[in-house]
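Input: structures, listed below.
What follows is a pair of complexes built around subunit A, which joins subunit B in one and subunit C in the other.
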Partner chain A sequence: MINLFTEPLDAFCGGFFLLTAIGIVSTRQILACLRLFVIQALLLVAAALLIGVKLSSGDLVAVAVITFVTKVVAIPWVLKLSAGSEIYAQREIDQVLNIPLALLISAALVLFSYFVATPMVTAVGQPFTDINLPIGLAGLVLGAFTVTVRREAMAQLIGLLVMENGVFFASISIVPHLPVIAEISAAIDVPVMSLIIGLLIRRIHKRTGSTVVSELATLRED
Partner chain B sequence: MWQSILFNLIQVAVVVGLAPLVEGVLHRMEENVQSKRGPSIFQVYRDLWKLLQKDEIVSGESSWIFRAAPYVAFVMPIFVTLLIPVLTRYPLFFAFMGDMLAAGFLLALGGFFVALAAVDAANPYGAMGASRTRMVGFLAEPVFMMVFFTVSFTAGSTIPYIVQASWSAVPGGFLEPVHILVILAFLMLILADESRIPVDNPSGQFELAMIGKSKYLEYSGRGAALIKWAGCMKLVVLTCVLCNVLVTPWGLAAEHTLAAVLLAIPLVLFKILIFLLVLVIIESSLAKLRLFRISEFLSAAFVICLLAMVTRLMGS
Partner chain C sequence: MLAAVLILPLLAALLVLLPIGHRGRWPALVTVLTNAILLALALAIAAHVLYAGAFHEWNRSLSIDAFGALLLLLVTFLGFTTAIFSWGYIVERRVGATRTDKVRLYYTLYHLFILSMVAVPLIAHVALVWIAVEMTTLMSAFLVAYEDTPASLEAAWKYVVLTSMGAILGLLGVLILYWATRVAGDVPFTWAGLVTGAPHMPKTLLWTGFLLILVGFGTKVGLVPLHTWLPDAHSQAPSPVCALLSGVETSTALFVILRLFPVLQAAPLVADPRPWFIAIGLVSVGAAAFLLLQIRDYKRMFAFSTVEHMGIIMVAVGLGGMPAHLAAMYQLTAHALTKSFCFFAAGTTLAATGTQEVGAVHGLIHRAPLAGTALLLGGLAIAGAPPFVVFISEFSIFRAGLANGQYLSIALLALFVAVAFCALTFHINRIVFGRAEDSPVHAIPKPCLAALVIAAIPMLILGLYLPGPLAALFRAAAATLGH
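Now for the complex of A and B:
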């Protein structure tokens, strides 16, 4: 039963994964962005579990558990701890481009990542790559796009985390027996990174009263 | 032959007769969510009855369009009912007379006449509402086209019955990214088209902020009743397309018997009830968008639909 529905369910996760990435590009509220990121991480966990069970790969199950602990539990907690007021106080995120234009560009980016991924899918030849590879690549590209297009430090951090999610979403299908050591290193790396950036954001906010990146262009000595 | 005519009549009667009930249930649930008791679910029937009893007042300066518009708006959802699967899985008489595109344009024709009538009556709010509706309409139009292109790429046809059959046949294709994205884009389209909450506040009473409702301010008596009823039917018809064709293509009558068709009525009503719950959740958890942010909402729908097409064409 579960074997029959693994691929459709993985495709289901992929569709929503893409949707959350688009949502992170276009939402105005930071808190909504963070929630979308948590949902995206949950979808990554679900996809890793599905592929792990289907290919009976213990490593992928470990990946799922580690991802759940770090991205669904630890990162939101760390961010709320280190930059709590920042998450709640900011109402709207400033954008370089207006939202319809950003959305159209992200559609073009997704098209691009499908275009790049299609020859790779045939080259890899693993069962789940036709869904996971293009969508993971799209997550990577959309995360990078979020980092460039958003002017708010917090949203840029979420963009970085989305890039990381995208890479994992692609890699769980390409390398079903991903060494756990790689995932463990990422698992330690990512929360520490968000802790540091979160603390930095709080310091900057205390110092200058804003975290809008474009306004932080001049050095000031005192 | 006679059986098909009977089934068609039942289908139309269900849409015409139960549409006010659906609207009433929606109102009731919305009020309940806001911890109020809310009106009876049959209140819309009473309103319609009251309006039908009343005299109609028509401005002497208005043209025939003002008088014709309620009838056009009332008839169009009935035509659409003949084209889409409301109760049966197998196509009835008119199923091949027009596809989903035709259904969309029939509904748009009703909207067009109502907008003309709003300008015709020379009420300043009417013209404002009409131009705003046109704005939402032309932003929604590309989304509408993309939805049908994507559906036709996936199912190989835009006839609603064939689309429904293609999605109910393969349970695997049901969870594909293209299906999820198309459903979401279509849902956003319904919200925009029906003047529901992220786009417009249907229960608002402030004329300057209205988008959908200010077109009907000038109507009274029978005209008002017909337009109100047409609005209910349009909601039911769009819900039927969403539920029976896209989201849950099961539970319709498969056999050519009267019992099967009658049994499909409660199942379809149940599906509509589930959709109304989703609608109530959306309406009570979101705020109305500012007018110039509607373009963002609809461009998001457009991009989602574009992605659906990309995942379909490039993905497999």
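Now for the complex of A and C:
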């Protein structure tokens, strides 16, 4: 039963994964961005479980568990703890690009990701890579786009986390048997990154009274 | 022996937190001793690699060859000299902190930063090397922000966000290379395994993986146009941290990129990587040379010089052939040794005068003769004046390129290096000489002077004479870059 529907279900997860990434680009409320990120992480967990069962890969089941623990449970908690709930609840007043333009560019970036992924998919022809590699790559690029166009520190951090999710969404199909030690270390890396950046956001808030990091621009060439 | 190099800094990171001693002398002492032991271990490992070849530990999960041993030697040497300099700058001069617990935190992060850097050449599995490189950023973020000024927080923010973006791109590159090793058969995912497996890898995977790693880790190396964070972080961090960031942190990220050079050369169907390395290197050297002309901050000047030198190493590797690769290893070593000295000199100048602005300091040699002499020596050495080591290493790059017949590349490189030389000596001249003002200068802590003296020794000696074992290590390291 599950075998028959694995591929369409994975594609379903992938589609929604992409939508959450685009949602994060265009959502102003920081808390809403974080909720979208958690949903995205859950979709990643679901896709890892699906592919893990289909390929009977214990490593992928471990990835699903680790992703759930770090991204769904630990990261929202770490962020609240490090950056403080006050920063958390902020709303971005203005963005570098208006939302329709940002969405248009996002669409172009998704097309670009398919363009980059296709030669690799056809060169190897491994199951699921035709779904997961382009969508993972799109997640990576959309996350990078989020970091560049958002002014708010927390939104930039969420952009980094979306990039990381994208890489993992691709990795569950391209390297389903990555050693668990690498998975665990990568999994530790993500909360550590969130913790360090969260603490830095708190320091910036305390020192400058703002978390609009795009306004930090005293260091430049003149 | 390899495991000890990882365990020691971890222990020291905890040990420095003990509330012993007065005004932070205990963590300073622990740090100097730990890093002296690490340096001794690195020397022993290098000797072992030199006479018995690459070796492994812990069921082959730790492994080191000549290139790794050279990098380990540089990291531990700078770790040692910087530990001494920190004693003067952070503990005695009290830059950035009045409370001793903040000083302890500095030292904990110092050890974790050293740990992440020594892990890069030691870890065998490439996916774990990626984590070590990412940790070098995360562990040093709060060292960059140590002085807690708005400018240093801004620098730390750009540093962490941009290099983490790069690292995540690099992660996809690493995973694609891992995919390629699976497709190529059951080759281990180590640097050596990648070279042996390269001929059987699909070329799109190899090339895409390489490009992602080049862009991702190139951000951390500071290759133009991905360098924008580097002058900020390397000028706003406390000077001892700058010495580590510029001297070896950039080199550890460059290590990963250079490791892929022989992999690409081993794959016959993939495009030749040499023109790419030369072009990317020349862009960095050229841009940095012209940006050097307009700087107003002398720490920023040394930061741009780091971008220049990373570019020079890329060019040297791209020239190809044993003499050029040998020169690249020479240049990597010369840069690490000289740049750390430069940042110690800059830190001493800053401690004496209280300003980083080039235009605000005149006649330093009259006002603070020791700081002035150090800055003059450092400036001349990093610009590539004889008889310092950078002169010899740059000269050997030019000679190797001319012998290969790559006249255009060498002409451009020589032009950019000459521009950088003029810019550096012009700015240094303005600071060191000229009419001295009467504004008071602060005394220079003794450990800072000790660090300057120790750091100056190899910078001077290696320019005049290269000891046999070190030359052999350079040759063995150059051989890992392929034919």
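Basically, the second predicted complex is superposed on the first by the 212 of 222 C-alpha atoms of A that agree within 3 Å, B and C clash if a C-alpha of one lies under 4 Å from a C-alpha of the other, contacts with A are read in each partner's own complex, and residues count from 1 in each chain.
Note that in this section a residue touches a chain if its C-beta (ideal position, glycine included) is under 8 Å from a C-beta of that chain, and two chains touch if they have at least 3 such contacts.
Quick caveat: nothing in here was measured; it's all calculated off a predicted structure.
Engineer: Where does A:I131 make contact in the superposed view: on subunit B (first), on subunit C (second), on both, or on neither?
Structural biologist: After superposing on A, A:I131 lies in contact with subunit B but is clear of subunit C.
Engineer: Once the shared chain is lined up, is A:A62 touching subunit B (first), subunit C (second), both, or neither of them?
Structural biologist: In the superposition, A:A62 contacts neither subunit B nor subunit C.
Engineer: Which chain, subunit B or subunit C, ends up touching more residues of subunit A in the combined arrangement?
Structural biologist: Larger number of subunit A residues touched: C.
Engineer: Quick check for you: in the superposed arrangement, does A:F115 touch first (subunit B), second (subunit C), both or neither?
Structural biologist: First partner only.
Engineer: Please work out whether A:I197 is in contact with subunit B alone, subunit C alone, both, or neither, and reply first, second, both or neither.
Structural biologist: Touch status of A:I197: second partner only.
Engineer: Classify the contacts of A:L42 with the two partner chains as first (subunit B alone), second (subunit C alone), both, or neither.
Structural biologist: neither
Engineer: Please indicate which partner A:L19 is in contact with in the superposed arrangement: first for subunit B, second for subunit C, both, or neither.
Structural biologist: first
Engineer: Okay, in this complex, where on subunit C does subunit A touch?
Structural biologist: Within the complex, subunit C touches subunit A at residues 125, 127-128, 131, 134-135, 138, 141-142, 145, 148-151, 153-158, 160-161, 164-165, 168-169, 171-172, 175-176, 178-179, 182-183, 202-205, 208, 231-232, 235-236, 291, 294, 296.
Engineer: Once bound in the complex, which stretches of subunit A touch subunit B?
Structural biologist: 5, 7-9, 11-12, 14-16, 18-19, 22, 26, 98-100, 103-104, 106-107, 110-111, 114-115, 118, 130-131, 134-135
Engineer: Write out the stretch or stretches of subunit A touching subunit C in their complex.
Structural biologist: Those in contact with subunit C are residues 116, 119-120, 123-124, 136-137, 140, 143-144, 147, 153, 156-157, 160, 163-164, 166-167, 170-171, 174-175, 177-179, 181-182, 185-186, 189, 192-193, 196-197, 199-200, 203-204, 207-208, 213, 216-219, 221-222.
Engineer: What residues of subunit B sit close enough to touch subunit A in their complex?
Structural biologist: 171-181, 184, 295-296, 299-300, 302-304, 306-307, 310-311, 314-316
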